[in-house]
(Lines give C-alpha, C1' and ligand atoms only; values in the text may rest on other atoms or scores of the structure.)
Protein backbone atom coordinates (compact mmCIF):
# COMPACT_ATOMS: atom_id res chain seq x y z
CA UNK A 1 0.00 0.00 0.00
CA UNK A 2 1.19 3.47 -0.74
CA UNK A 3 0.82 4.65 2.81
CA UNK A 4 3.25 1.99 3.95
CA UNK A 5 5.91 3.46 1.72
CA UNK A 6 6.37 6.73 3.57
CA UNK A 7 8.81 6.88 6.45
CA UNK A 8 7.07 6.72 9.83
CA UNK A 9 8.58 9.19 12.26
CA UNK A 10 7.53 9.14 15.92
CA UNK A 11 6.30 12.58 16.97
CA UNK A 12 8.97 12.84 19.69
CA UNK A 13 11.84 12.20 17.24
CA UNK A 14 13.98 15.19 16.30
CA UNK A 15 14.91 15.29 12.63
CA UNK A 16 17.11 18.25 11.72
CA UNK A 17 17.11 20.04 8.39
CA UNK A 18 18.85 18.39 5.47
CA UNK A 19 18.20 14.81 6.57
CA UNK A 20 17.17 12.15 4.01
CA UNK A 21 15.05 9.20 5.16
CA UNK A 22 13.93 6.52 2.69
CA UNK A 23 10.42 5.11 2.28
CA UNK A 24 9.30 2.34 4.58
CA UNK A 25 11.71 3.36 7.32
CA UNK A 26 10.44 3.64 10.91
CA UNK A 27 12.01 6.14 13.31
CA UNK A 28 11.13 5.56 16.96
CA UNK A 29 10.63 7.78 19.98
CA UNK A 30 13.15 10.52 20.87
CA UNK A 31 15.54 9.48 18.11
CA UNK A 32 17.71 12.44 17.08
CA UNK A 33 18.98 12.62 13.50
CA UNK A 34 21.42 15.43 12.85
CA UNK A 35 21.72 17.61 9.80
CA UNK A 36 23.03 15.95 6.65
CA UNK A 37 22.51 12.37 7.82
CA UNK A 38 21.11 9.90 5.29
CA UNK A 39 18.98 6.85 6.13
CA UNK A 40 17.97 4.34 3.45
CA UNK A 41 14.65 2.62 2.87
CA UNK A 42 12.94 -0.02 5.01
CA UNK A 43 15.14 0.63 8.02
CA UNK A 44 14.27 0.63 11.71
CA UNK A 45 15.94 3.36 13.74
CA UNK A 46 15.30 2.27 17.32
CA UNK A 47 14.30 4.55 20.11
CA UNK A 48 16.64 7.18 21.51
CA UNK A 49 19.25 6.33 18.90
CA UNK A 50 21.45 9.21 17.71
CA UNK A 51 22.70 9.75 14.16
CA UNK A 52 25.36 12.44 14.00
CA UNK A 53 25.82 15.01 11.24
CA UNK A 54 26.36 13.37 7.83
CA UNK A 55 26.20 9.80 9.19
CA UNK A 56 25.06 7.31 6.53
CA UNK A 57 22.80 4.28 7.06
CA UNK A 58 21.99 2.09 4.03
CA UNK A 59 18.76 0.31 3.08
CA UNK A 60 17.11 -2.35 5.24
CA UNK A 61 19.28 -1.73 8.29
CA UNK A 62 18.04 -2.30 11.81
CA UNK A 63 19.45 -0.10 14.54
CA UNK A 64 18.18 -0.96 17.97
CA UNK A 65 17.70 1.39 20.96
CA UNK A 66 20.39 3.70 22.43
CA UNK A 67 22.73 3.39 19.46
CA UNK A 68 25.23 6.24 19.08
CA UNK A 69 26.32 6.78 15.46
CA UNK A 70 28.68 9.70 15.03
CA UNK A 71 29.89 11.69 12.06
CA UNK A 72 32.26 9.66 9.91
CA UNK A 73 30.28 6.41 10.16
CA UNK A 74 28.97 4.71 7.02
CA UNK A 75 26.71 1.69 7.48
CA UNK A 76 25.94 -0.27 4.31
CA UNK A 77 22.72 -2.15 3.56
CA UNK A 78 21.23 -4.89 5.68
CA UNK A 79 23.29 -4.24 8.79
CA UNK A 80 22.02 -5.09 12.27
CA UNK A 81 23.20 -2.85 15.13
CA UNK A 82 21.97 -4.10 18.50
CA UNK A 83 21.08 -2.00 21.54
CA UNK A 84 23.55 0.29 23.27
CA UNK A 85 26.25 0.17 20.58
CA UNK A 86 28.62 3.15 20.53
CA UNK A 87 30.63 4.28 17.52
CA UNK A 88 33.55 6.69 17.92
CA UNK A 89 35.43 8.96 15.51
CA UNK A 90 38.29 10.31 17.55
CA UNK A 91 41.21 8.40 18.98
CA UNK A 92 41.93 10.98 21.65
CA UNK A 93 38.73 12.85 22.38
CA UNK A 94 39.07 15.71 24.78
CA UNK A 95 37.49 18.90 25.92
CA UNK A 96 39.76 21.72 24.79
CA UNK A 97 40.45 25.00 26.48
CA UNK A 98 43.46 27.26 25.96
CA UNK A 99 44.58 26.94 29.55
CA UNK A 100 44.35 23.18 29.62
CA UNK A 101 45.85 22.71 26.19
CA UNK A 102 48.99 24.50 27.36
CA UNK A 103 49.41 21.86 30.06
CA UNK A 104 48.38 18.85 28.02
CA UNK A 105 50.80 16.45 26.29
CA UNK A 106 51.11 17.75 22.72
CA UNK A 107 51.40 14.48 20.81
CA UNK A 108 47.67 13.86 20.61
CA UNK A 109 46.14 14.24 17.19
CA UNK A 110 42.56 15.36 16.72
CA UNK A 111 40.52 14.62 13.64
CA UNK A 112 37.31 12.92 12.65
CA UNK A 113 38.11 9.33 11.72
CA UNK A 114 35.92 7.10 9.55
CA UNK A 115 34.20 3.80 10.25
CA UNK A 116 32.68 1.56 7.59
CA UNK A 117 30.29 -1.29 8.35
CA UNK A 118 29.82 -3.44 5.25
CA UNK A 119 26.59 -5.05 4.05
CA UNK A 120 25.04 -7.77 6.16
CA UNK A 121 27.24 -7.28 9.20
CA UNK A 122 26.02 -7.46 12.79
CA UNK A 123 27.23 -5.36 15.71
CA UNK A 124 26.27 -7.00 19.01
CA UNK A 125 24.61 -5.31 21.96
CA UNK A 126 26.72 -3.03 24.08
CA UNK A 127 29.71 -3.09 21.71
CA UNK A 128 32.03 -0.10 21.42
CA UNK A 129 33.77 0.47 18.10
CA UNK A 130 37.04 2.29 17.53
CA UNK A 131 37.70 4.66 14.71
CA UNK A 132 39.43 4.00 11.34
CA UNK A 133 37.49 0.83 11.51
CA UNK A 134 35.97 -1.53 8.95
CA UNK A 135 33.58 -4.38 9.65
CA UNK A 136 33.46 -6.57 6.55
CA UNK A 137 30.49 -8.17 4.87
CA UNK A 138 28.46 -10.47 7.13
CA UNK A 139 31.00 -10.16 9.92
CA UNK A 140 29.76 -10.13 13.51
CA UNK A 141 31.09 -8.11 16.43
CA UNK A 142 30.07 -9.96 19.58
CA UNK A 143 28.03 -8.33 22.31
CA UNK A 144 29.95 -6.18 24.72
CA UNK A 145 33.05 -6.20 22.52
CA UNK A 146 35.48 -3.34 22.32
CA UNK A 147 36.61 -3.55 18.73
CA UNK A 148 39.60 -1.51 17.65
CA UNK A 149 40.83 -3.35 14.56
CA UNK A 150 39.13 -4.14 11.28
CA UNK A 151 37.11 -7.35 11.06
CA UNK A 152 37.29 -9.70 8.06
CA UNK A 153 34.38 -10.89 5.89
CA UNK A 154 32.25 -13.46 7.71
CA UNK A 155 34.47 -13.29 10.82
CA UNK A 156 33.19 -13.30 14.39
CA UNK A 157 35.12 -11.21 16.89
CA UNK A 158 34.48 -10.78 20.59
CA UNK A 159 36.09 -9.58 23.80
CA UNK A 160 37.88 -6.52 25.12
CA UNK A 161 39.87 -5.96 23.04
CA UNK A 162 37.94 -7.94 20.44
CA UNK A 163 39.70 -11.00 18.98
CA UNK A 164 38.67 -13.36 16.20
CA UNK A 165 36.66 -16.42 17.19
CA UNK A 166 36.36 -17.75 13.65
CA UNK B 1 -1.84 6.85 51.91
CA UNK B 2 -4.06 5.69 49.13
CA UNK B 3 -2.60 8.11 46.64
CA UNK B 4 0.84 6.61 47.14
CA UNK B 5 -0.46 3.25 46.03
CA UNK B 6 -1.08 4.17 42.40
CA UNK B 7 1.75 3.86 39.92
CA UNK B 8 3.37 7.21 39.13
CA UNK B 9 4.06 7.56 35.43
CA UNK B 10 6.08 10.51 34.15
CA UNK B 11 4.12 12.37 31.46
CA UNK B 12 6.85 11.78 28.87
CA UNK B 13 6.81 7.99 29.38
CA UNK B 14 5.20 5.91 26.63
CA UNK B 15 3.08 3.06 27.95
CA UNK B 16 1.54 0.94 25.20
CA UNK B 17 -1.80 -0.85 25.42
CA UNK B 18 -1.97 -4.06 27.38
CA UNK B 19 0.72 -3.14 29.91
CA UNK B 20 0.27 -3.97 33.62
CA UNK B 21 2.02 -1.79 36.22
CA UNK B 22 1.61 -2.51 39.94
CA UNK B 23 0.76 0.01 42.66
CA UNK B 24 3.56 2.06 44.15
CA UNK B 25 5.73 1.74 41.06
CA UNK B 26 7.42 4.86 39.64
CA UNK B 27 8.08 5.15 35.91
CA UNK B 28 10.50 7.93 34.96
CA UNK B 29 10.90 10.21 31.97
CA UNK B 30 10.81 8.87 28.40
CA UNK B 31 10.62 5.27 29.56
CA UNK B 32 8.97 3.12 26.89
CA UNK B 33 7.01 0.04 27.95
CA UNK B 34 5.80 -2.12 25.08
CA UNK B 35 2.55 -3.97 24.75
CA UNK B 36 2.06 -6.97 27.03
CA UNK B 37 4.87 -6.11 29.44
CA UNK B 38 4.17 -6.61 33.15
CA UNK B 39 5.76 -4.61 35.98
CA UNK B 40 5.14 -5.51 39.62
CA UNK B 41 4.46 -3.27 42.59
CA UNK B 42 6.83 -0.83 44.32
CA UNK B 43 9.31 -0.85 41.45
CA UNK B 44 11.40 1.99 40.04
CA UNK B 45 11.73 1.99 36.26
CA UNK B 46 14.51 4.49 35.64
CA UNK B 47 14.52 7.07 32.93
CA UNK B 48 14.75 6.16 29.26
CA UNK B 49 14.63 2.47 30.11
CA UNK B 50 12.96 0.20 27.56
CA UNK B 51 10.79 -2.82 28.35
CA UNK B 52 10.08 -4.90 25.25
CA UNK B 53 6.82 -6.68 24.41
CA UNK B 54 5.82 -9.19 27.11
CA UNK B 55 8.89 -8.53 29.28
CA UNK B 56 8.23 -9.30 32.95
CA UNK B 57 9.56 -7.38 35.96
CA UNK B 58 8.59 -8.62 39.45
CA UNK B 59 7.74 -6.67 42.60
CA UNK B 60 10.15 -4.27 44.29
CA UNK B 61 12.68 -4.23 41.47
CA UNK B 62 14.85 -1.23 40.73
CA UNK B 63 15.86 -0.66 37.12
CA UNK B 64 18.14 2.29 36.66
CA UNK B 65 18.45 4.55 33.59
CA UNK B 66 19.09 3.37 30.00
CA UNK B 67 18.27 -0.26 30.71
CA UNK B 68 17.27 -2.31 27.68
CA UNK B 69 14.98 -5.24 28.56
CA UNK B 70 13.83 -7.21 25.54
CA UNK B 71 11.12 -9.77 24.93
CA UNK B 72 11.96 -13.07 26.59
CA UNK B 73 13.34 -11.55 29.78
CA UNK B 74 11.79 -12.40 33.16
CA UNK B 75 13.06 -10.52 36.20
CA UNK B 76 11.87 -11.85 39.56
CA UNK B 77 11.22 -9.79 42.68
CA UNK B 78 13.74 -7.55 44.39
CA UNK B 79 16.23 -7.39 41.54
CA UNK B 80 18.55 -4.41 41.04
CA UNK B 81 19.52 -3.58 37.45
CA UNK B 82 22.04 -0.72 37.29
CA UNK B 83 22.35 1.89 34.56
CA UNK B 84 23.08 1.04 30.95
CA UNK B 85 22.48 -2.71 31.24
CA UNK B 86 21.56 -4.46 27.99
CA UNK B 87 19.69 -7.75 27.76
CA UNK B 88 19.63 -9.75 24.51
CA UNK B 89 17.39 -12.50 23.15
CA UNK B 90 19.08 -13.55 19.95
CA UNK B 91 22.43 -15.26 19.57
CA UNK B 92 22.88 -14.13 15.97
CA UNK B 93 20.87 -10.97 15.48
CA UNK B 94 20.79 -9.67 11.96
CA UNK B 95 18.88 -7.52 9.58
CA UNK B 96 17.29 -9.81 7.04
CA UNK B 97 16.60 -9.18 3.41
CA UNK B 98 16.08 -11.79 0.70
CA UNK B 99 19.11 -10.65 -1.26
CA UNK B 100 21.43 -10.68 1.71
CA UNK B 101 20.09 -13.93 3.12
CA UNK B 102 21.02 -15.68 -0.11
CA UNK B 103 24.63 -14.64 0.46
CA UNK B 104 24.76 -15.18 4.18
CA UNK B 105 26.11 -18.32 5.90
CA UNK B 106 23.07 -20.53 6.48
CA UNK B 107 23.97 -22.11 9.80
CA UNK B 108 22.68 -19.23 11.90
CA UNK B 109 19.56 -19.93 13.89
CA UNK B 110 17.08 -17.19 14.68
CA UNK B 111 14.67 -17.33 17.59
CA UNK B 112 13.78 -15.39 20.68
CA UNK B 113 15.74 -16.83 23.59
CA UNK B 114 14.82 -16.45 27.26
CA UNK B 115 16.66 -14.87 30.17
CA UNK B 116 15.68 -15.32 33.81
CA UNK B 117 16.99 -13.14 36.63
CA UNK B 118 16.09 -14.70 39.98
CA UNK B 119 14.96 -12.86 43.11
CA UNK B 120 17.42 -10.59 44.84
CA UNK B 121 20.05 -10.61 42.10
CA UNK B 122 22.02 -7.55 41.00
CA UNK B 123 23.13 -6.70 37.48
CA UNK B 124 25.97 -4.14 37.56
CA UNK B 125 26.16 -0.97 35.49
CA UNK B 126 27.00 -1.32 31.84
CA UNK B 127 26.70 -5.11 31.82
CA UNK B 128 25.59 -6.97 28.70
CA UNK B 129 23.75 -10.27 29.15
CA UNK B 130 23.58 -13.12 26.69
CA UNK B 131 20.48 -15.10 25.93
CA UNK B 132 19.37 -18.48 27.37
CA UNK B 133 20.70 -17.02 30.52
CA UNK B 134 19.87 -17.45 34.21
CA UNK B 135 21.14 -15.30 37.06
CA UNK B 136 20.41 -17.13 40.30
CA UNK B 137 19.08 -15.81 43.57
CA UNK B 138 21.17 -13.02 45.08
CA UNK B 139 23.88 -13.44 42.46
CA UNK B 140 25.71 -10.37 41.22
CA UNK B 141 26.93 -9.64 37.70
CA UNK B 142 29.76 -7.12 38.02
CA UNK B 143 29.70 -3.77 36.28
CA UNK B 144 30.73 -3.80 32.66
CA UNK B 145 30.57 -7.59 32.48
CA UNK B 146 29.63 -9.49 29.38
CA UNK B 147 27.87 -12.48 30.81
CA UNK B 148 27.09 -15.40 28.54
CA UNK B 149 26.72 -18.30 30.94
CA UNK B 150 24.35 -18.87 33.84
CA UNK B 151 25.39 -17.57 37.25
CA UNK B 152 24.98 -19.61 40.45
CA UNK B 153 23.06 -18.58 43.57
CA UNK B 154 25.01 -15.98 45.58
CA UNK B 155 27.87 -15.97 43.04
CA UNK B 156 29.69 -12.87 41.84
CA UNK B 157 30.84 -12.87 38.23
CA UNK B 158 32.74 -10.18 36.38
CA UNK B 159 34.79 -9.56 33.25
CA UNK B 160 34.47 -10.04 29.52
CA UNK B 161 33.58 -12.84 29.27
CA UNK B 162 32.32 -12.89 32.84
CA UNK B 163 33.98 -15.37 35.20
CA UNK B 164 33.20 -16.31 38.77
CA UNK B 165 34.93 -14.31 41.50
CA UNK B 166 33.29 -16.23 44.36
CA UNK C 1 27.32 38.78 22.38
CA UNK C 2 25.34 38.83 25.56
CA UNK C 3 22.76 36.35 24.32
CA UNK C 4 25.48 33.78 23.77
CA UNK C 5 26.36 33.93 27.43
CA UNK C 6 23.15 32.40 28.73
CA UNK C 7 22.88 28.66 29.01
CA UNK C 8 20.91 27.12 26.14
CA UNK C 9 18.52 24.45 27.38
CA UNK C 10 16.65 22.27 24.89
CA UNK C 11 12.89 22.45 25.54
CA UNK C 12 12.69 18.70 26.13
CA UNK C 13 15.39 18.77 28.85
CA UNK C 14 14.22 18.35 32.44
CA UNK C 15 16.00 20.62 34.89
CA UNK C 16 14.86 20.16 38.48
CA UNK C 17 14.75 22.87 41.11
CA UNK C 18 18.00 23.91 42.74
CA UNK C 19 20.21 23.23 39.71
CA UNK C 20 22.99 25.67 38.76
CA UNK C 21 24.07 25.90 35.09
CA UNK C 22 26.81 28.31 34.01
CA UNK C 23 26.68 30.73 31.09
CA UNK C 24 27.54 29.47 27.65
CA UNK C 25 26.58 25.91 28.50
CA UNK C 26 24.38 23.94 26.07
CA UNK C 27 22.00 21.26 27.39
CA UNK C 28 20.64 18.94 24.70
CA UNK C 29 17.40 17.07 24.21
CA UNK C 30 15.84 15.00 26.99
CA UNK C 31 18.78 15.57 29.32
CA UNK C 32 17.69 15.22 32.95
CA UNK C 33 19.51 17.21 35.64
CA UNK C 34 18.47 16.38 39.17
CA UNK C 35 18.06 18.72 42.10
CA UNK C 36 21.24 20.21 43.53
CA UNK C 37 23.47 19.38 40.56
CA UNK C 38 25.95 22.05 39.44
CA UNK C 39 27.22 22.51 35.87
CA UNK C 40 29.93 25.05 35.06
CA UNK C 41 30.21 27.47 32.16
CA UNK C 42 30.79 26.69 28.48
CA UNK C 43 29.93 23.01 28.86
CA UNK C 44 28.08 20.72 26.50
CA UNK C 45 25.72 18.28 28.18
CA UNK C 46 24.89 15.83 25.40
CA UNK C 47 21.48 14.46 24.70
CA UNK C 48 19.73 12.09 27.09
CA UNK C 49 22.55 12.41 29.59
CA UNK C 50 21.60 12.16 33.26
CA UNK C 51 23.13 14.15 36.12
CA UNK C 52 22.08 12.81 39.51
CA UNK C 53 21.29 14.84 42.62
CA UNK C 54 24.24 17.03 43.69
CA UNK C 55 26.53 15.83 40.87
CA UNK C 56 29.17 18.42 39.97
CA UNK C 57 30.50 19.23 36.48
CA UNK C 58 33.19 21.91 36.14
CA UNK C 59 33.69 24.56 33.46
CA UNK C 60 34.29 23.74 29.81
CA UNK C 61 33.45 20.05 30.10
CA UNK C 62 31.98 18.07 27.26
CA UNK C 63 29.66 15.22 28.14
CA UNK C 64 28.43 13.30 25.15
CA UNK C 65 25.12 11.43 24.74
CA UNK C 66 23.74 8.77 27.13
CA UNK C 67 26.16 9.59 29.94
CA UNK C 68 25.03 8.53 33.41
CA UNK C 69 26.51 10.68 36.19
CA UNK C 70 25.28 9.73 39.64
CA UNK C 71 25.35 11.41 43.02
CA UNK C 72 28.87 11.46 44.46
CA UNK C 73 30.59 12.28 41.15
CA UNK C 74 32.72 15.42 40.83
CA UNK C 75 34.05 16.28 37.38
CA UNK C 76 36.63 19.07 37.28
CA UNK C 77 37.14 21.54 34.43
CA UNK C 78 37.90 20.63 30.84
CA UNK C 79 36.94 16.98 31.08
CA UNK C 80 35.71 15.01 28.08
CA UNK C 81 33.21 12.22 28.75
CA UNK C 82 32.35 10.29 25.58
CA UNK C 83 29.03 8.63 24.75
CA UNK C 84 27.48 5.90 26.86
CA UNK C 85 29.78 6.29 29.87
CA UNK C 86 28.36 5.05 33.18
CA UNK C 87 29.49 6.21 36.61
CA UNK C 88 28.57 4.25 39.74
CA UNK C 89 28.47 5.08 43.43
CA UNK C 90 27.72 1.80 45.10
CA UNK C 91 29.91 -1.27 45.25
CA UNK C 92 27.03 -3.62 45.93
CA UNK C 93 23.88 -2.05 44.53
CA UNK C 94 20.71 -3.90 45.26
CA UNK C 95 16.99 -3.57 45.50
CA UNK C 96 16.11 -3.90 49.15
CA UNK C 97 13.04 -5.37 50.71
CA UNK C 98 12.66 -6.69 54.25
CA UNK C 99 11.87 -10.20 53.07
CA UNK C 100 14.82 -10.41 50.70
CA UNK C 101 17.24 -8.74 53.08
CA UNK C 102 16.58 -11.47 55.61
CA UNK C 103 17.78 -14.02 53.05
CA UNK C 104 20.64 -12.04 51.62
CA UNK C 105 24.29 -12.37 52.68
CA UNK C 106 24.81 -9.73 55.35
CA UNK C 107 28.37 -8.65 54.62
CA UNK C 108 27.44 -6.18 51.90
CA UNK C 109 27.92 -2.55 52.74
CA UNK C 110 25.70 0.14 51.27
CA UNK C 111 26.72 3.77 50.97
CA UNK C 112 27.17 6.41 48.34
CA UNK C 113 30.81 6.38 47.25
CA UNK C 114 32.60 9.28 45.57
CA UNK C 115 34.30 9.57 42.20
CA UNK C 116 36.58 12.43 41.20
CA UNK C 117 37.61 13.14 37.61
CA UNK C 118 40.45 15.67 37.56
CA UNK C 119 40.89 18.53 35.09
CA UNK C 120 41.62 17.69 31.48
CA UNK C 121 40.90 13.97 31.75
CA UNK C 122 39.08 11.95 29.10
CA UNK C 123 36.68 9.07 29.70
CA UNK C 124 36.30 6.99 26.52
CA UNK C 125 33.02 5.86 24.97
CA UNK C 126 31.18 3.06 26.67
CA UNK C 127 33.41 3.01 29.74
CA UNK C 128 32.05 2.00 33.14
CA UNK C 129 33.66 3.52 36.23
CA UNK C 130 33.75 2.05 39.69
CA UNK C 131 33.22 4.00 42.86
CA UNK C 132 35.83 5.48 45.25
CA UNK C 133 37.55 6.34 42.05
CA UNK C 134 39.90 9.10 40.95
CA UNK C 135 40.96 9.85 37.40
CA UNK C 136 43.96 12.18 37.55
CA UNK C 137 44.74 15.23 35.49
CA UNK C 138 44.84 14.59 31.75
CA UNK C 139 44.50 10.87 32.22
CA UNK C 140 42.50 8.87 29.70
CA UNK C 141 40.23 5.90 30.32
CA UNK C 142 40.03 3.96 27.05
CA UNK C 143 36.75 3.24 25.34
CA UNK C 144 34.82 0.31 26.68
CA UNK C 145 37.00 0.08 29.77
CA UNK C 146 35.75 -1.09 33.12
CA UNK C 147 37.84 0.98 35.48
CA UNK C 148 37.84 0.09 39.15
CA UNK C 149 41.10 1.58 40.41
CA UNK C 150 42.39 5.13 40.43
CA UNK C 151 44.25 6.34 37.35
CA UNK C 152 47.47 8.38 37.56
CA UNK C 153 48.12 11.80 36.01
CA UNK C 154 48.62 11.56 32.24
CA UNK C 155 48.10 7.77 32.30
CA UNK C 156 46.13 5.81 29.72
CA UNK C 157 44.22 2.80 30.99
CA UNK C 158 42.08 0.37 29.02
CA UNK C 159 40.49 -3.06 29.22
CA UNK C 160 38.19 -4.98 31.52
CA UNK C 161 39.42 -4.58 34.17
CA UNK C 162 41.29 -1.50 33.01
CA UNK C 163 45.09 -1.69 33.12
CA UNK C 164 47.71 0.96 32.44
CA UNK C 165 48.98 1.25 28.87
CA UNK C 166 51.38 4.10 29.64
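For reference, chains read A, B and C in written order, and residue numbers begin at 1 within each chain.
We adopt the following convention: a contact is a pair of C-beta atoms (placed from the backbone, for glycine too) under 8 Å apart; a residue touches a chain by one contact, two chains touch by 3 or more.
Only a predicted model underlies this, so the values are computations on that prediction, with no experimental measurement involved.
J.: Please decide if copies chain A and chain C contact each other with the same set of residue positions, more than half shared, or with different positions, and reply same or different.
T.: Different; most numbers are used by only one of chain A and chain C.
J.: What's the rotation angle, in degrees and to the nearest 5, for a C-alpha fit of chain A onto chain B?
T.: 120
J.: Compute the distance, rounded to whole Å, between the mean C-alpha positions of chain A and chain C.
T.: 23
J.: Residues touching two or more other chains, restricted to chain A: which are they?
T.: 12, 30, 48, 66, 84, 126, 145, 160
J.: Please name which positions on chain B make contact with chain C in the complex.
T.: Within the complex, chain B touches chain C at residues 12, 29-30, 42, 47-48, 59-62, 64-66, 77-80, 82-84, 119-120, 122, 124-126, 137-138, 140, 142-145, 154, 158-160.
J.: Under the touch definition given earlier, write down the residues of chain C that touch chain B in their complex.
T.: Result: residues 12, 14, 30, 32, 48, 50, 66, 68, 70, 84, 86-88, 92-97, 99-100, 103-105, 126, 128, 130, 145-146, 148, 160-161 of chain C touch chain B.
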